[in-house]
Amino acid sequence: MSVLELHDLHVTYRTDGGSVPAVRGVNLSLDTGDTVGLAGESGCGKSTIAGAVLRLLPKGTEVSGKVLLDGEDVYAMKPGRLRAVRWTSAAIVFQGALHSLNPVRRVGLQIEEAILLHSQQSARSARIRVGELLEKVGLPAGQAERYPHQLSGGQRQRVLIALALACEPKLLIADEPTTALDVMVQAQVLRLLEELQREHGLSLLFITHDLSVLTHTCERLAVMYAGRIVEEGPSTQVFADPQHPYSRALAAAFPTIGDPASRMNPQGLAGDPPDPSALPAGCPFHLRCAVAAPECSSLDVALRPAGAGRSAACVHVGATDV
Amino acid sequence: MSEASPAAADVVVSLTNVQVQFGGGSVRAVDTVSLDVGRGEVVALVGESGCGKTTLIRAIIGLEPLAHGSIAVEGSTVGGGRRLRALRRRVQMIFQDPSGALNPRHSIYEAVAEGLRIHKVKGHEPTLVAEALAAAGLRPPDRYLRRFPHELSGGQRQRVIIAAAMALQPALLLADEPVASLDASIRGEILALMRSFVDSRGVSIIAVTHDLGLAWNIADRVAVMYLGRIVEVGPTEEVLRSPKHPYTQALLSVVPEIEGMAQQILVGETPDPSRIPSGCRFHPRCPVVASGEADRLGFGDRCRGVDLELEPEVAAHRVACHAVAR
Amino acid sequence: MRARFILTKLVGALSTLAFVVAFNFFLFRVVNENTVESMFRGRNLSPSQIARLERQFNLDGSKWEQFTAYVGQLLHGNLGLSMKDFRPVTTVVGEALWPTVLLVGTSTLLAMTGIFFGFRAGWRRRSGYDVGVTTFSMFTYSMPDAWLSMVFLGLFASGLGLFPTGGLEDSGSNAAGLAKLLDQAHHMALPALVLAIAYIGEYTIVARSAMIDTLREDYLQLARAKGLRDSEVRSKHAQPNAMLPVVSLSALNFGFVLSGAIAVETIFSWPGLGQLTRNAATGPDFPVLQGLFLLFSASLIFANLIADLMYGRIDPRVGGR
Amino acid sequence: MSERIPEAEATSPVIGSVPRSGRAVAWDRRRASAAGVWRGLRNDRLAMVGLVVLVLFALLAFAAPWLSDESSLSAANTGDNPIWAPPSWEFLFGTDHLGHSVAAQFLWGSRISLFVGLMATLLQIGIGSLIGLTAGFFGGWVDSVLMRLTDWFLVVPFLPLAIVLAAVLERGLWTIILVIGITSWPSTARLLRAQVLTVRQRLYVDRARSLGAGRLHLMRRHILPNVTPLILASTTLAVPISILTETTLSFLGLGDPTSTSWGGMLNSAKDNSAISGGRWWAYMPPGLGIVFVVLAVTLFGRALEEILDPRLRQR
Amino acid sequence: MTTKQFTRRFCGIALTTAALGATVVASTAATTAADTAVTLTVGLLQDIDSPNVTVGYTVAAYETWTLQYATLTDKAADDFATIPGLAESWDASDDGLTFTYHLRKGLKWSDGEPLTAEDTVWTINTSRDQEWTNHFATTVNLTATVVDDRTLTIETAVPDPKLPTMDVYIVPKHIWETHAGTVDDLAAYDALDGVGSGPFTLQERKANQEWTMVANPNYWKGAPAVDQVVFRVFSDGDAMVTALKSGEIDVAHLVPSQSFEDLKSESGIVTVAGAQGGFTELAMNGMAGGLGDGHPALQDIEVRHAIARAIDRQSLFDRVVKGQGEMIDTLGVSPSPEWTPTIPADQQLNYDPAAANQALDDAGYLDADGNGVREMPGGGDELKFRYAERSDSVNGAAIRELIEGWLKEIGIALEVSVFDDTQLGQVVYDGTYDLFVWGWTPFVDPDPMLSYFTCDQLTTDAASPGYNDANWCSEEYDALYLQQNQELDRATRIDLVHQMITLFYNESTYVVLYHDADTQAYRTDRFTGWTQQPKGTGPVVFTNSSPTYFNLTPIEGGGGDDSSSTGLLIGIIAGVLVLLVVGGLLVVRSRKNSDERE
């Protein structure tokens, strides 16, 4: 059964400069135990999706389409129900920079708060549970007494993971959980996430700009560009044989070490990432596309099938595959 | 692009036993590093954060004072005053965060012209600026001159910084994580641009990065740093294809792009330069020591007790490891 | 670590205090050379009387001797004698202290409700509530307390006769207990209200911008995601962080208000430090002024110290914990 | 591209047209940023209200000599006026105990109040900036000494010191200005020092240093331009405080009685029983004048601060 | 939050606030009931500086001492005539140098101790030896001797027309001798003992607030009808007047001149512009002391007379002090009018700018450059005078504005600087002024005031200043002064004093602008017996011997404003509680609603 379903999700921010469409029609679904990676550059709308799932977007943001958590429409919930669903149905592992934890509260209390909020436990048993959670993410239980600034970046990220697990959610949304970390610590955290996901049978929506990270962690991969999913499919296939020119460029940006093709040959895309408030007509990617066809400047292609379990939004996909 | 160490005459920058200290000597951020970089050569300095790689390049341009050792750029030792200023024309720097490295109140024109003015470069300034921007791929430059950093994308800002640096015709470019804060799709273009300056103008580059892919993309040589020391150095292909030092091996193993390599995730946090372990500074995290293999093979005590430097300069590929030295 | 933090702050405070003592002393000695002559002008004094007065007020000997004598006195808690009535300055200042503490304390507490409004306004930035609160607080901020006192006195005391025109309590009142308390509250209502209005704006504005500063913090988003109510997010996560700048402002303000209620105390005949300052300045009664300066500076230094230490308590990142 | 493109090719398609000179670009930039600030202000309704009120008062102050004869401020020339006349067409704000037209006093008083407010602010900002910039830029022992000094001045009780100074110095506008100036600079100094320290930490300062920039260049090109907006903003926000302080000092009778200021009018109203006599017109106009000017400057200043202060702009 | 919620919450807050306000209002009713003692409350603008007669010097302090300490001889309420006080009679020796005083029978201090000749003699002799600030001027030449418990003699070293008047405060020896070991000890004595022999004694002092004096049952005239007198300090005149109107105080001292006018029309309040002989003068720097740098023109009597004629004193009197006081041309040397002469019409320097201009023209002070300001004869410095304005005076600015305008009419310009009294004193000592306006208030005996303008009192060394701030003196005046000072015949002495004052008027550097009034106002609803001293012209309180306090008797049922109704009070408090609860509930409810907000 679907833990999370997004149906034609549109999110538009209201700013002083007008409205900015951040997500423009995204469909996505995660079943129990699914691991899906959402990749894309900054501003492509991937983090907006994380916020949209738990209705955390700023006031005045327009959301249309449906977000179903366990089949229940998040945007139709009453406030009380919404608060009850938050963190129990889905929890978010935020980016572990210093700012995601309240600097003036002990980390244990911050975990405890979530436990007490969603269960009828005594503070005592909640505290014991905090200890267990911390140990589960590889931290001594005593770290609960620490303040965030007393922890290292990796430790803070572990605390955030423990926090996300506090109410045993079915769905974990990991929003750039390793971005600010050092390579080795990043590997540690990724391994921890993988283990926890397996152990608890969690569904995992992994959001990152680092395509290469996803191939290891996730079974499926969705690449976003300018508020849309432009390619979707099993991650190894998408990485190894991208169908959309943008996915191709993104994959090429992470060179395979030892591969002579990329030696002394860095690959990149010309042009700049799209400005969501001023998207070009037609395919939003056509201005940077190496293989743009004349019709690309007027035709905005929807996702179309591109092989088994795969789809991509490119005119060339239809032409070659169907 | 030479495989071996550059000939002495062609050395652009030469580091000899460089040491940089902080906190009154309690922190040895860079601890006895020697390295030569030849003309037209790209050296990637890789390692975790806190390993001293950024400090090292800041020392080269005189932003950090040396505690010991010396640095010579094109044969002349780095010093203070007028000489420092002259040095700073020959050596230019590129920063990790191009947004922060541009004064938000200065237009692009001023950002590029700043170095020209400081060094009183002769010529018609607007033309020089326009040329530099064009050379860095910002074409046509007049579209950019009057704009402000916040009006440009991250990639464009990095190009502005490169343009400003190259406008002074430097011999050496120091790049501190030049693409780490940029979007992935931009990354390649910037690297390509840097490499093109190496090939067309013969500039040398020392690129500090934690991204081994960058090294593979543009570097002739790779130097791996750990806790203020270079633990392995050599031609890129050799170091990345057949790493000798356990640390390099671990670093490579966690790069997701490399298939079929067993991950060796090192335990513990990023090492702290204020508490450098005795013996081989890597030994507390070293898988060879941890697995007991070192003891079994009889050099475990040396790992724990004897500090060691890079192998003597015999081969291009050199390591500082008791396991290898044996 | 913590002990060291406290020690550093203490040493800093003491060195500032030492400066203030010296500054105080020389300020008043430089300001007026012939203190005794000008102070006792209009009273036929014989040279022996003048000499006696100079001795009494520690005005004989060289400046340096005077200074060491002054410091020596100070270390014994002796601030000298008032030139007006020869009573110890400590007594004179002590008498005026508590009315001011009462008035300023009450009005500061009242004004600190502004923190509450400021937090809410900041929390709902750009809402009608915010615009209303901000405009109102800027309006009150713009009102000179002297003028406001006049308006209140004219309206509520002279005009409507609802409140007494001044003083601490009814004259000759023998009331005790609750009646005395109510009487004093009645007398204090207008001046306290004026001061509260004069300062509420500042608290509101500072609290509001402190709250706005925290608004974008990621931990608020996390708290919300955890399922906390909006009001809980504000009270448990945003406010404790926004409190930090407000704490230092409050401490500073308290130090300042102690000496800043001069106009209000004058208009409402409030027998506090402000009136004492004003009376001592006309004269001028240098020993009392010196004592007042010392008290004001010391209270400000003390308030700063408290703010620093409190900061260390509230914010775990400060104070080496 | 190892050879420089010759001058003749300066307008080639690759380079396009180049500006005449760097100065022109800098000038454009300044104009553009001023326009940006103006745009920001124009979008802020409260700021515009403040600005309009302020301009109105400034015009009134400027036009005082044409609107009312200065000689009417002297009791020697008001012998024919009724005393304590309530507001009427002849005396818009009524008259005072000597038959002075309150409206005329209000008009001329606005000049004094604005002048003192402005001058005292300039003095305070001048001292504060100098000390703050010096301390922040040079650091080390210079910083320690200057900050110690600032700390000291910060705890000297402001109003009492002002009263003592006003009482012992010769009376006059410049005394008031001096008193306000030298008692209120420390907060400015602290603010600016903090800002200089922040700017000094910026990556672009590092970049400029690595480009070979000397201290003078850093100060002129990076630190000053980044601190100037803050100075400007704190100037606008210090004006209200200066005006209010002038009011308090004049109200306490420590102002310059030979020139009519709004605070002096309040003092005179109080001394001549305007409160108990119900003669509200004697103290309402100057009081409201202060409220509106201070409010206007504050509204304008806060908006300006939000636009100019880099710490606030991000929000 | 919706508008509705906001409104509701706002209402909640408003209700709560209103309730708090009501509590405060209700409290007034509760507080006024307690006192049953007959209390006279006096409002004044100055605090008692010290209850110690050797320390204080404010008018307020004198009033306290006058009430607390009886004197050997008293002053008649009507005319200051010397009448029996503690001494019921006295005899003078033939040479006029020795006086024998006979004390009343059964005199007691307020604490019950007997008051004997010993107390009197101790006070006089100790004050002389220790140079007590307020006693010394009187006792400097005196030696007192105890004859018996009720008899003492006082011997003076020089003939003294002031005797047998003996108005120094007699302090209780049994208390004071323990504090008077040395002068320093004495100065440090707080004198809060409250032991005295006058009608009231000090009970409690709250600094800058009020001090309370209670009736002395042992007063030789008997206990006063008023049980206690409270002196209430106001820092603002307007507040004091409001308090008088509302009945918080019974009498106000130094009512601001405008309020004084306002109070005239108030029913139940009587205003008294009491004359005490005090006056305000325009002083010019005659440079007689030799210090400083006064303008040379002011040494020319023609210029001084021209200035006097240029000033419209009547207009200044009417406009600035609203006619409160008296238009008297000359010095006031005593509250008693008999000492003041009338200046012959031909000598009067009345307002006549034309004559002043003419006189200046004749004397050669011409405006050669036509800029409206005259120059010294034969060119040279302009007649531009430094005018020192007194900031501590409410009227300083107005007087300056007027004088500046009038002097402009005769071609004299002013350069105004402003000083507070301390600074102005220094400026006067230093002689660095040309003109200033200040005032004096005399004692009952004219001698002190007359002495100030002798050559002895000129300041010739700024470090040891004298009193003569006219910076003028004459041998003729000094001779007359010595004569009157030892003239024991009152009529002759008055004549001598008249001569001196007329001389001073004609030649000195003072232009007396007007005689000040001690503006007082009292309520008529609670007490009768308000006594002006001297009769008809003097004030009712803060006079020389302040007979009012003893003379006052409460009016039956007067000022019965204590209509406290317990029922109303309970009702109000109950209402307040209800409002608080309702308000609180609304706040809580609206908070609950807002929690649903996302």
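Observations, loosely collected:
Just so it is clear, A, B, C, D and E label the chains in written order, and each chain counts residues from 1 on its own.
The criterion applied here is as follows: a contact is a pair of C-beta atoms (placed from the backbone, for glycine too) under 8 Å apart; a residue touches a chain by one contact, two chains touch by 3 or more.
In this text the structure is predicted, and so the values were computed from the model without any measurement.
Averaging Cα atoms per chain gives one point for each, and the point farthest from that of chain A is the centre of E. The most distant chain from chain B, with centres taken as the mean of CA atoms, is E. Across the structure, the highest number of inter-chain C-beta contacts is found for C-E.
In terms of their C-alpha centroids, the spacing between chain D and chain E amounts to 44 Å.
Averaged C-alpha coordinates put the centre of chain C at 25 Å from the centre of chain D.
Remark: chain C and chain E have CA centroids separated by 34 Å (rounded to whole angstrom). Taking each chain's centre as the average of its CA atoms, chain B and chain C sit 56 Å apart. Not a single residue in chain B touches at least two other chains. Multi-chain contact residues, meaning those touching two or more other chains, occur in chain D at positions 167-168, 270, 274-276. Residue positions of chain E touching 2 or more other chains: 236, 238-239, 242, 392, 420, 422, 597-598.
Touching chain E in their complex are the following residues of chain D: 73-77, 79, 83, 97-99, 167-168, 170-172, 253-254, 256-258, 268, 270-277. On the chain D side of its complex with chain C, the touching residues are 46, 148, 151-152, 154-161, 163-164, 167-168, 240, 244, 247-248, 251-252, 263, 266, 269-270, 274-276, 278, 280, 283-284, 286-287, 290-292, 294-295, 298-299, 302, 312, 315.
By the touch rule above, chain D contacts chain B in their complex via residues 1-2, 4-5, 7, 10, 13-22, 25-26, 28-29, 32-33, 202-204, 206-214, 217, 221-222, 225-226, 310.
On the side of chain A, the complex with chain C involves touching residues 51, 54, 56, 83-88, 91-92, 94-95, 97, 99-105, 113-114, 117-118, 147, 149-150, 163. Taken together, the chain B residues at the contact with chain A in this complex read 48-49, 153, 155-156, 183-192, 195, 210, 212-213, 216-218, 236-237, 240-241, 250-252, 254-259, 263, 265-267, 269-270.
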